[in-house]
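The following blocks contain the structures, represented as structure tokens.
In the two assemblies presented below, chain A is common to both, partnered first by chain B and then by chain C.
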Partner chain A sequence: MSRKSFNPDCDVREWTGAQRPYDILKEGAIALLVVALLTAGLALVFGSPDEKQVTIQQWSSADPVDFAATAYSELAGTSGIAGYGAPYNNASDGQFLGVTHLYLAKMVGVHIPIDPARTFVLQPLGTLPDAPTLRFALSTWKNASETQRGAWLDEYAKASLSFSHGHLTAAPLSLSNPVNELIASETAMARSGALDSTMGTGGGLYTTDYTNVLLFIADGGWFATLADHQHLLGDQWGMMNETGSYPGQAWLWLYTFWYQIHPFSTSGNADVDAWGIMMLLTAGLILVPYIPGLRSIPRRTKLYRVIWRDHYAGRV
Partner chain B sequence: MSTTIDRQWTTRLRRRLVEQLPPDKALPDTQPSYVSSWIYVFGIVTLSALVMVILTGFVLAIRGPQWWHQSAIGHYVNSLHLWSVEIFFFAMVIHLWGKFFMAAWRGHRSLTWVTGAVTFATSIATAFTGYVSQTNFDSQWISTQAKDGINATGAGAFFNVLNTGQMLMWHIVLLPLAAVVLTAVHVVMVRRKGVVPPFEEVTK
Partner chain C sequence: MSDILGALVNLDHPGHYISWGWFQMSYGNFAVVVAMVATFLVALVAPFPGRQKEKRS
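What follows is the complex of A and B.
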């Protein structure tokens, strides 16, 4: 019967040499105390960031033209979400993974259905009471053909927007065009704060799901401008950062790194490719003990001699 | 001949536990002489930081997700939570690289490495769900950016980073539970197998 040969990257002869006293509980208590003091000190000196949340109300007041343009793009079906694909809609195939051409999101399908015109504009406006002009505009829009809607949207897009005294106006427009009334009412609703509460997913008093609100805000340009000022854009190492000068999620550096380099920085499939690479690397990290070559790196680099320098020097 | 007591589930479980992790391994009072480097400190520092993360998280949970925005004490507790997380990851990464260069999986310790690496990945997910549950500008921006990556994998259909309630539940219940259980299993494995010995080198 042959015995398996000794592999220095997997096997080890268990230690039968000298032992030294070791108080594991004392070590744990000291470590906990030191970490507690260090945490308390860092929290006291540096605190933590808490940049206030932004609302649709703030957006529509701070940049009403960007707000109106976004509402228009939702109505016209030209916004980011309108062309997003799964899990929100079937507007596009989405991204495919590397060379596999597997459209993973599309394969999983639509699970958070969003029709931008209805979700972000028509449905919220339908909740406004005592608004006969708006009711008429909604009814006109609902009963119109796709061609007619397209013509109205084109006319609105060519009109010039002006904003004064809290009121958004597009001119010139034909009298029958309901788009101006819809966008102006949406703007007024947003400025009153009513759109924030109406758009919370699930409706009613209680909600903990802000998918619709966040998707709508993120479709606009104002939100990204704020993030740019806080050095949070994708080409600024994006979501691993926090507002202010805090370390953020520094452990996500490798994931964020892929977005900074070619070909990912210009690829339409950067998200799924970055995830694919990170999944592979994570699997590699987890399975290091079983991967020949990778598991030999410690023995070959000999950095262990620094860690066990006392042992090799015969000092212990 | 086995008695009735020997055949009891409780007796058999106790014997198995004592066999697998005898008291002198669970709570050792000696260790091999080669365990003599600062790198060994980072395992216990990681564990201590995890304790701090959980304790501060408990306090935040008691007062609810909006408390820290409205109270100076709440904000300080949130700062404790943040910095204990930063220390946790700092120590964990050093611990991980230290163990890598020791080839700490040798001697039937592969699963100790595997549980440690899975705990690292789980901790990243736990921290991420915390960042998107803050209910401030950071959580708004991070969630709207992160959605594209997660959606592209297909996972966004079930793991919706824009659903604050869902993320908060993952952050304070599911993922911490997984991280703590994995950590406990990892520590038990370390105690069972002991610290990996140095590479043997031929003396010239």
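What follows is the complex of A and C.
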């Protein structure tokens, strides 16, 4: 009968030397206390980020033309969300994983269906009371053919947008074109703060679901400008940054690293590719004890001999 | 009250960043990484608590 050969990475010889008591609960309690004191102390000295939430009202007040252009893109179906694909719609296949051509988001399917024109423009405007001109514009839009809507949108796109004295105007525009009334009303609604509450609550009084608000704000250019100033964009290693001068999520350095290098920095599949690589590396980390060579690194580097130097020097 | 309990060091102002080619890191993150590496090195070489007492006895 052949005996299995001894593998220093997997097999352990029975310890026959001296033993000593070790109180792991005591060490755990001390570690917990030290970390708690450090946390409280550092919070007292440095505080924590207190960035106020971004609202549609802020956006439409700070950059009404960008807001109006975004509302127009939602109505015209040319916004980022309109062409995003799953989980919001079927407009595109989305990103695929590496060379597999596996469209992960598409495989999960459309489970947060969003019709941008209805969700971001027509539905909120429909909640405004005592607005006969707007009602007429909504009705005109609803009853028009796709061709007619396209002609109105084209005409509005060619008009010059300007904002003065609290009013958005597009000129020149034919009187029968309802797009100006829709976009101007949406802008006025946003500047009053009503759009935040209408889009945020989704029909309920209390909500924690701000999906629609966030998607709408992210479709505009103003939000990206804010992120740029705070170094939070993808190409600024933003995933590991915090607002202000606070330290952020430094442990995400490897995740955001992939976004900075070719081919991911110019790839349309960067999100899913970076995710795929990180999942592969995470699996490698979990499986270290089973990977020959990798599992031998601690034994070969002999770092443990530094930690337990007294033992190996024969002093203990 | 908020003034009394407010942070002693205010970090709520625009950050500064180390830039080296395509590499970027905030000074805040850099400080944390340096502290982590220093803690690791100290943990390697610092004697175990109670060892000196053990040796004397």
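Keep in mind that, in the parts below, the second predicted complex is superposed on the first by the 303 of 316 C-alpha atoms of A that agree within 3 Å, B and C clash if a C-alpha of one lies under 4 Å from a C-alpha of the other, contacts with A are read in each partner's own complex, and residues count from 1 in each chain.
One rule holds in what follows: a contact is a pair of C-beta atoms (placed from the backbone, for glycine too) under 8 Å apart; a residue touches a chain by one contact, two chains touch by 3 or more.
Just so it is clear, the structure is predicted and the values come from calculations on it, not from any experiment.
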Touching partner for A:18 - first (chain B), second (chain C), both, neither: first
Chain B versus chain C as contact partner of A:286, first or second or both or neither: first
Which of chain B and chain C A:136 touches, first, second, both or neither: neither
Chain B versus chain C as contact partner of A:242, first or second or both or neither: both
Which of chain B and chain C A:272 touches, first, second, both or neither: first
Greater residue coverage of chain A in the superposed arrangement, chain B or chain C: B
Intersection of chain A interface sets (partners chain B, chain C): 44, 46-50, 230, 242-243, 246-247, 250, 303, 307, 310, 315-316
Complex contacts: residues of chain C adjacent to chain A: 5-17, 22-29, 31-33, 36, 44-45, 51, 54-55
Contact set on chain A toward chain C in their complex: 44-50, 229-231, 236-237, 240-248, 250, 253, 260-261, 303, 306-307, 310, 315-316
Chain B residues within the chain A interface of the complex: 27-37, 39, 41, 44-45, 47-49, 51-52, 68-69, 75-76, 78-84, 86-87, 89, 93, 98, 100-103, 105-107, 109-110, 113-114, 117-118, 120-121, 124, 127-128, 131, 134-146, 148-158, 160, 162-166, 168, 194, 196-201
Chain A residues within the chain B interface of the complex: 8-15, 17-25, 27-28, 31-32, 34-36, 38-40, 42-44, 46-54, 86-87, 94-95, 104-105, 107-112, 201, 207-211, 214-215, 217-218, 223, 226-227, 230, 232, 234, 238-239, 242-243, 246-247, 249-252, 255, 269, 271-272, 274-275, 282, 285-290, 295, 297-299, 301, 303-304, 307-312, 315-316
